[in-house]
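Each of the next two complexes has subunit A plus one other chain: subunit B in the first, subunit C in the second.
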Partner chain A sequence: MDFLVFQYPMISVQAFLDGILLGILFALIAYGMALQWGVMNIINIAQGDLVILGGYIAYFMYLYGIHPAWGVIVSPIIMFFVGIAIYKLVINKVVDRDLFISILATFGISILFMQLMNFAFGADVVLANSDYGTTMLFNNNVVLPNSKIFSAFISILFAICLVIYMKKSKLGRAIRATAQNARAAKILGVDTEKVYAATFGINAALCGVAGALISITFTIHPYMGLPYTIRSFMIVIIAGLGNLPGVAMSGMGLGVFEEFADYILGTEFRIGSVFLLLVLILVYRRFKLSRKREYLK
Partner chain B sequence: MNKNNLILYIGILTFGIAAPFLFPAFKVQLSILCVLIILATTWNIQGGEMGYNSFGNILFYGLGMYLCASVQVGMFFPLAEWTESGGEKTFVHTPAQFFQGMAVGLLVAAVVPTIVAGLIGYSILGLRGHYFAICTLGLGVAAGEISGGIEIIGAGQGFTTPPFPNVGNLESRGEFFYFLSFIVLILTFIAVRGIYSTRFKLILNAIRDNEDKAEAMGIQTMKYKIVGWMISAFFCGLAGGIMGGLVGYIDSTDVAFDGREMGVFMVLMAILGGKGTLWGPIIGATVFHIFKEGFWTFFLGWQYVALGVLIVVIVIYFPEGIMGWLREKYPERFGEVVDEKDRKAQVELK
Partner chain C sequence: MKINKIIVSFISAAVILLSTSVVSFAKVVGDKIVLGAAISLTGKYSSNGVHTQNGYNMAVDRINSMGGVKVGGKTYKFDIIYYDDESNPKRAAQLAERLISQDGVEFMLGPYSSGLTKAIAPVTEKYGVPMVEANGASRSLFTKGYKYLFAVLAPANLYLDVAIDLAVEKNNGKPVTVAMAFEQDAFSQDVRLGVLEAIERTGSKKVIDDKLPKELNDMAATLVKVKQMKPDVLVVSGHTKGALTAVRQISEMKVDVPMLAMTHCDAAKLSKQHGKNSQYALCASQWHKTLTYKDNFFKDGMTYDADFTKEFGYAPPYQAAESSAALLVFKDAFERANSFDQKKVRDALAATNMQTFYGNIKFAEGGQNVDKPMVLFQVMCDDGGKCENKVVAPTKWASAKLIHPIPSWSQR
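The block that comes next holds the complex of A and B.
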């Protein structure tokens, strides 16, 4: 095994920049995850499949001759209603129940989505070509596709818009109140049922944006959803709920880690290394917490 | 009650022995049913009784499958050349070699996952609730992805297990695997029943109901959690070893570490039958297998769609399972004393 990363330092710059741009996308998905986890206390295994579905919407626009970048606007609108439909059919029955029930129920949704997408769109790996060209940096040693820069820019834009919306609007305030204490919010006249539905819809819309961007910059495939779920879960537990700068930072960190793992270990171990990192982080967290518990005793 | 139980056991045993001769066409399906029951019953030990819902028991299942096949080949032939040749039969096992390899392979397939469970148990079982569930999910998928990159066990192209040698007639392969899995099933049942009648089960239940309180009562919870997981891993590995020989071909993500199928099936079967009961997983696995095969046959292609819907429906509407439903309906039969007044009051409430 020869480590290209160490032989040619420029490749590590390339991997670093790629990782940052990729990580911003992960952070956007993780933000949706943190939102629904914080507000409704459910972990959505189908998160990644919502992302892929959003990607297919952009891909279909591309097939019908519309520039896929418009998917960034169309896909969240469609996904918002998909999210609300999922909430009305399944999620509202598991919100107050045990977390394991919600994990298993969303696992079922995930399998269902995977198969339906497989039937509807076929099992090919596809991408929507945006024709944005590339940017060369450092004497043409580092090549960055413009589509990646575009997607990072759009993700940041959407994240900022959402933060402002959550701070300023009435629904945003209601969502934050429900996250703090659902019962108290209910007593004070917040329609929590509506808030939950809106939260899930916003989460699905964020997944739609991220999916459309992924279909432009990378590839999509019906079975690729689960790694996105695991990545966003990982980012949320590193950063903690409600810590937005933390989500952005750990998202970028994960992106960089993945790019380097890709170069050093080989592409076939890329997904495996992501899942192993999850296990390692959880185990590290467990030992840290248990030390804290002993200290408290 | 005891006499009824004896009649029931004898009836099941007779049926089990006679089944391959009564339904010769379903031998493979019956063997798979036995494996599924083993998986559901042992998932129930730590999932139902201990309250640690794991999606990662597939790790031990796949590990057992790969180990059994590798030992069976590696004892007599070079393993790398065997996987290199793929499906072509460059090397042929004699009957003696095959059975000898199978016996040693199954032993290794059971023991090594148990040791692995013991080693990782201390770090993993410290996690609680959903963190444990997601962590084990990650473990299972990571194992599948990593084993798909290792050359010596076939990497992405898969691993062909040794073909059944030429002994007896055409039926003997199916009969061998059926009786192997049936015997292992009976041993599993006896072992699990034994475990459930000891203090060990009560400790597991205490951990499920309130772990901190159990610890405060002086139970070394970590020790018991690890032992519970190791028992589960032992039988999972054994079941995996049998399944590998039965299927005849091992692929890293589609057969061995198939978290999307087998990994969810064992959870689902236990929940369908009723978590935390002895008979629940057995009933659940039987019902599930019949339902699944029906769907696989009549709605080919839509099976995963049906599976997804089935998971959602079971989880939302039957979280207590068949046994839980029966228990609510006929509490006397489960040894619960019901006050007549209490019941009347409940009926009136409804």
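The block that comes next holds the complex of A and C.
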């Protein structure tokens, strides 16, 4: 236990801002997960691995002398096609089956991706330097790396674009219709197969953006995907499906929660506290559900 | 149908015959001494696994081309059977079993990492197979009373205690305040114990003691605390991930600390990945090419560095150098034992007292090398942004003067 955070109020401000910036990035990944969960009823365990793959794309651009920030444009384009390829090869065979089958399938994809990335890119921890500098606030008491601010800004930008696209475009409407009722959408002439492929592609593209941002702000490694999957799973569980403001809020909430857990409980409990929160929320949900069931009786 | 059956039984008979003949041909046959090694060629340790394998291969070629091993008036050559342990401790233990009981290997070389060495040691111990390892530094390996385990490297608790002594020395012998951030794995926690001992010995004070989870890639919280508490030394150990994350975030958050000491800087290619931002970082290392140790095979560190670079196309990290040294130890022990009897070789290993290009080697009761101190190097960059690692401590081998305290970010 450590109460430094209460002794120095500036640390709380720092933790809060760090958490918000981190949370916005998590929310972007989680939104992709919520989208395909809602539309296809698939929980993608390989979500984090898609993020890492996106990160490697930005990293390789950086290696070849291109500024890694361009990765947020190139990476989603490549990842979109990777997503569609995964859909055509595996996901379309499990999309109508029960949740368990799809979890197993994506779990398999996750392991495969980890090993392939390890094989192709090596087991070194890598990062891409953006050289964006630092923003100092409150008389230099609060420091925010510009790379984190950049990440949050880009995440918000992509989220807004996506929302507009979903509202206005034909494909966006088709995706929303399929999410509401796939069978009815099919009867009314929506090519659900195409919608599924596009949804998976969009999700992978979002992961690509997030991955590029992570390679700029943190580090990437072939085996580092799982914590991102878990965080986005967690955010979606709290927010519910198809609820973008909810995803954004719970993403930022989780970010802040993590930072404060880090200060108060210690860094070693940071990821552990996320798991604990997940368990508590699931138990609470179940509790609420069982009360509801009693009313129904 | 019948023909099929005949073919199947013929093939299986052939396979059985072949596999039994492998058993009888392994060990020491003809002019070959066959060593076994499970190495991480795939999986998360694969880059260091490859360094280890390259180090072994380089030494095998060198010893064989320079006359081999002389035992009982006859000359033998080294040969190594490798298996890929996939960076997985369970697999490593299985492969050790297989090397010993199926392939008939009687002498083993170690895998990469403390974790995998821990998995293999009980197996080699059970069969009484002497193992010289070069990449398992965790202290717990040397407190289990293993009789057949020998490590050419210094144990993990000696990695960073030098840094604390150095800070105290720079502080005119007065105690210092120390901030610590260590990953929660066997190796880093051993490093932490060593630092704690040094803190106690010098009467210093720890002000931050963070444990980093292994998935972590964000140290911002620890660094904010460092900013607030202003310690004299910041010590970080979390493999390559820890080193890279620390340097990135220290530079981004403009954390000023007079001394920054870490492990795994060269494995992380710190100066290459971070350039000038990594300047002034102190790094613990088992070996550095500028050390003046000598032997007959690789001459000295500089020559080893040049030869290795020529053969494999990259400069040798210490993981490769220590792996090469393991073979030199085996050769020396075989010749002194003048026999291939496992017990005699084991006793000869225990009595090892030699110098290699990598350092002096003399084993303590527990199997760790007690005759080779760790060195600290500091990343130093010129104005053009080209960075080099220069040894600054212990003073005996220092090739450059320690820059202390680290200039603040506003002046860099």
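Simple rule for what comes next: the second predicted complex is superposed on the first by the 295 of 297 C-alpha atoms of A that agree within 3 Å, B and C clash if a C-alpha of one lies under 4 Å from a C-alpha of the other, contacts with A are read in each partner's own complex, and residues count from 1 in each chain.
Going forward, a residue touches a chain if its C-beta (ideal position, glycine included) is under 8 Å from a C-beta of that chain, and two chains touch if they have at least 3 such contacts.
Keep in mind it's a predicted model, so treat the numbers as computed, not measured.
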Which of subunit B and subunit C A:T178 touches, first, second, both or neither: neither
Which superposed partner A:S215 touches (first subunit B, second subunit C, both, neither): neither
Touched partner set for A:L99, first subunit B, second subunit C, both or neither: first
Which of subunit B and subunit C A:F107 touches, first, second, both or neither: first
Touching partner for A:N44 - first (subunit B), second (subunit C), both, neither: neither
Contacts of A:N129 with subunit B and subunit C, given as first, second, both or neither: second
Partner chain(s) touched by A:M224 [first = subunit B, second = subunit C, both, neither]: second
Partner chain(s) touched by A:Y8 [first = subunit B, second = subunit C, both, neither]: second
Touching partner for A:V90 - first (subunit B), second (subunit C), both, neither: first
Overlapping contact positions on subunit A, where the subunit C interface meets the subunit B interface: 115, 119, 226, 266, 268, 271-272
Residues of subunit B defined as touching subunit A within the complex: 53, 123-124, 126-127, 129-131, 133-135, 137-139, 141-142, 145-146, 148-149, 156, 260, 264, 267, 271, 301-302, 304-305, 307-312, 315-316, 319
Touching residues on subunit A, where the partner in the complex is subunit B: 43, 90, 93-94, 97, 99-101, 103-105, 107-116, 119, 226, 230, 233, 237, 266, 268-269, 271-272, 275-276, 278-279, 282-283, 285-287, 290
Subunit C residues touching subunit A - in the complex, by the definition given at the top: 42-48, 87, 181, 184, 210-213, 215-222, 224-225, 227-228, 239-241, 244-245, 248-249, 252-254, 268-269, 273-275
Parts of subunit A lying in touch with subunit C, wherever the complex brings them together: 4, 8, 11, 14-15, 18, 22, 115, 118-119, 122-127, 129, 134, 136, 143, 145, 147, 218-219, 221-224, 226-227, 259, 262-263, 266-268, 270-272
